[in-house]
Amino acid sequence: MYELLKNLGTWLTSGASWSGSDGITHRLAEHLQYSLLATLIAAAIGLPIGLLIGHTGKGAFLAINLSSFGRALPTVGLVVLVFLAGGLSMLPVYVALVALAVPAIVTNTYAGMTAVDPDVRDAARGQGMRGHQVLFQVELPLALPLIMTGLRLALIQVVATATIAAYVSFGGLGRYVFDGLAQRDLVQVLGGAVLVAVVAVALDLLLSGLQRLLFRHRTA
Amino acid sequence: MSVDWSWIGDHTDELTSLTLSHLQAALSAVFFGVLISLPLAVIAHRFRPLRGFLLGISNVLFTIPSIAIFVLLLPVSGLTRTTTVIGLTVYTLVVLLRNTVEGLDSVPAKTKEAAKAMGTRPLRTLLTVEFPLALPVIMAGVRIATVMSISLVSVATYIGDGGLGQLFTDGFQRNFPTPVIVGVVLTILLAVVADALLVALQYVLTPWRRRRA
Amino acid sequence: MNRRTVLGGLFAAASVPALSACASGVTSLDGSGSASGGGGSSKGGVTIGTANFTENQVLGYLYAAALKQAGVKVTVRPNLGTREIVIPALKSGDIDLLPEYQGALLNYLDPKATAAEEGAMQNALTLALPKGLQILPYGAAEDSDAFVVTRETAKKYGLTSLADLKKQNGKLVLGAAPEVKKRRVGAVGLKDVYGVDLKEFKSLDSDGPLVKGALKKGDVDVANLFTTDTDIEANDWVVLADPANLIPSQHIVPLIADRKADDTVRKALARLGNVLTTAQLTELNRLVDKDKKDPEEVADDYAKRHGLAE
């Protein structure tokens, strides 16, 4: 164990492991690219759905159940399936990551919307606000904390799961995990795992900081 | 990409055993997850200073890629079911611990005081008052953990286990979509059925809530 | 699964080195490299593991068919992973028997070994094996690593042998399974023996869809495949010659734990080894990969047709 940690330290601190196309810098950039793009696509799909069913109250049962079974979708299976259907490209990876992120975003957005006090909603209507005004000026700001929670949860899961890109020959930090597995090089596997965890935690802290910043502006 | 139906017909035995093995891995993980998270949640609930620490640890464990956990366990438990179950258990903790703590928090202080006033001992209060009242929130966590575990089992195919996940590597290597499609469908079915059974279990366990529902 | 079995598992793993140390006292060397006598017994059943590619699974099930015929109870655990994963599992007792390849196994156990001829290799393997493991007599069938380029790439760069790769130093991308990056029959040996500097090494899979897809698409220039893969001929790919004998002889050889190696197992596998030819193995691989037959079914069928099973 001690030996493993010592070798991990050497690996993480040696300049050679950070440079080049198989270097940590490059793999880190790839990993961020996969994760952020997938989460953005998932948000573009999940947010409107969550807001719409929360605002209208229609289709909630269906959407929430679909989301909860979306969680059951096995990522490995999805990657392989899209790969077999469409050949070798990043598409299988993005499809799987987006499918992973959408349920968390939809359910939390919907939960945020339903948590809005109906009296507030009625008051807004009573003041003559239209549907979209109620949605964007009243409901959305009030639902924002839970929506942000959903986005953070989705991002964490996507960052951890983006390792799968390496399974279908692409890069990212998963390269170290899969190569380390094949070569039985535990230092590489541990290094990859630690880096993924650090990225996930850092992004989460960043988003929660952002969230606090947004709040301060609103209450001020 | 078409489905080879005769392949499915010829492999019902194998599919059944893979499904059962898949379920066994997922349920074992949830079982151990509950076993570990219940006492930890009580600690986190009673001793505030430890709460952030325990929840933080479970959060960080959740960010480690599952495939890496399986590989890192190889020197300890080898290419065995134990490796799969330990790895999956780690992932259930984040949901189970958080929900159990929240469930215990949601028990009204007055109820606990009433129990105390009636001379009920702390452990008894915990078992007969707090846990039952926290059950709906705990069960919500158990449901999420179960569905999540069922979806994650297949990752263990990289270490030669993985239940239905074996159909994914097989289909991948042979450019053969049928096993992959069957594997995905069976995984989702398994999750749906397990989830429905848990809802039923909760219904049985919380008779006092039925009138409200 | 309860806590007791988890602890039991740990205990069992910890006790293996002690057991194998006892067993090693009776391991002796002979021409075939197999231990004579020995305390092994297949009575409790044999667990066969296989690596993560088609042919190894076919071989695993062929071993299973041969052993079943001899009255041994067998379990097959297919698709466990690379040699780097499977051999430690063999040592720790998770599996007992593994279809292996002489040259690749020797390279793994002793990267400096120079033996290239079957007999010499068998002896070198016996010397290099860790305590508790032994090889049985090798079979007639072989499956070598091959470095393959497309017909167009061969023409474009004038490639017919591995020695030609040097002329394109810094230009070519090699695609292979991740472990090949650090293996002698891979990036390391190409550099040491042929002076090849690659532009890049791409981690793909063991003669699977990734490496073949990448070669077809032109994402890699050189691919590491196996000689028993019918796709090489079907796609008119060019296998680069190996004038310096970097790639060793690769007869198929059973690797087994001493604890399970008894006469019954040894004879059943020797019988199979004598019958199975390279051409037949190639055909069995094709049945699984192309006709989507189960490796188990294909192996059982073969065993029946050749009198290795009823």
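We call the chains A, B and C, going by the order they appear; numbering starts again at 1 in every chain.
Following the convention adopted for this analysis, a contact is a pair of C-beta atoms (placed from the backbone, for glycine too) under 8 Å apart; a residue touches a chain by one contact, two chains touch by 3 or more.
These figures come from a predicted structure and were not determined experimentally.
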Could you tell me which shape the graph of touching chains takes: line, ring, star, complete or other?
complete
Pair joined by more contacting C-beta pairs (A-C or B-C)
B-C
Whole-Å gap between the CA centroids of chain A and chain B
21
Per the C-alpha means, the centres of chain A and chain C lie apart by a whole-Å value of 40
Chain centre separation (chain B, chain C; CA means) in Å
37
Please list all residues of chain A that touch 2 or more other chains.
83, 178, 181, 184
By the touch rule stated above, which residues of chain B touch at least two different other chains?
74, 157-158, 169, 172, 175-176
Can you tell me which residues of chain C touch two or more of the remaining chains?
81, 85, 88, 205, 209
For the chain C and chain A complex, residues of the former touching the latter
81-82, 84-85, 88, 177-179, 181-182, 200, 202-205, 209-210, 213-214, 217, 219
Chain A residues touching chain B in their complex are 68-69, 71-78, 80-81, 83-85, 156, 159-161, 163-164, 174, 177-178, 180-181, 184, 186, 189-190, 192-193, 196-197, 200-201
Applying the document's contact rule, which stretches of chain C touch chain B when the two form their complex?
1, 5-6, 9-10, 13, 49, 52-54, 77-81, 85-86, 88-89, 92-95, 205, 208-209, 288-289, 292, 294
Contact set on chain B toward chain C in their complex:
4, 7, 11, 24, 28, 74, 76-82, 85-86, 157-160, 166, 169-170, 172-176, 178
Residues of chain B that touch chain A when the two form their complex:
1, 59-60, 62-69, 71-72, 74-75, 144, 147-148, 150-155, 157-158, 164-165, 167-169, 171-172, 175-177, 180-181, 183-184, 187-188, 190-192, 195
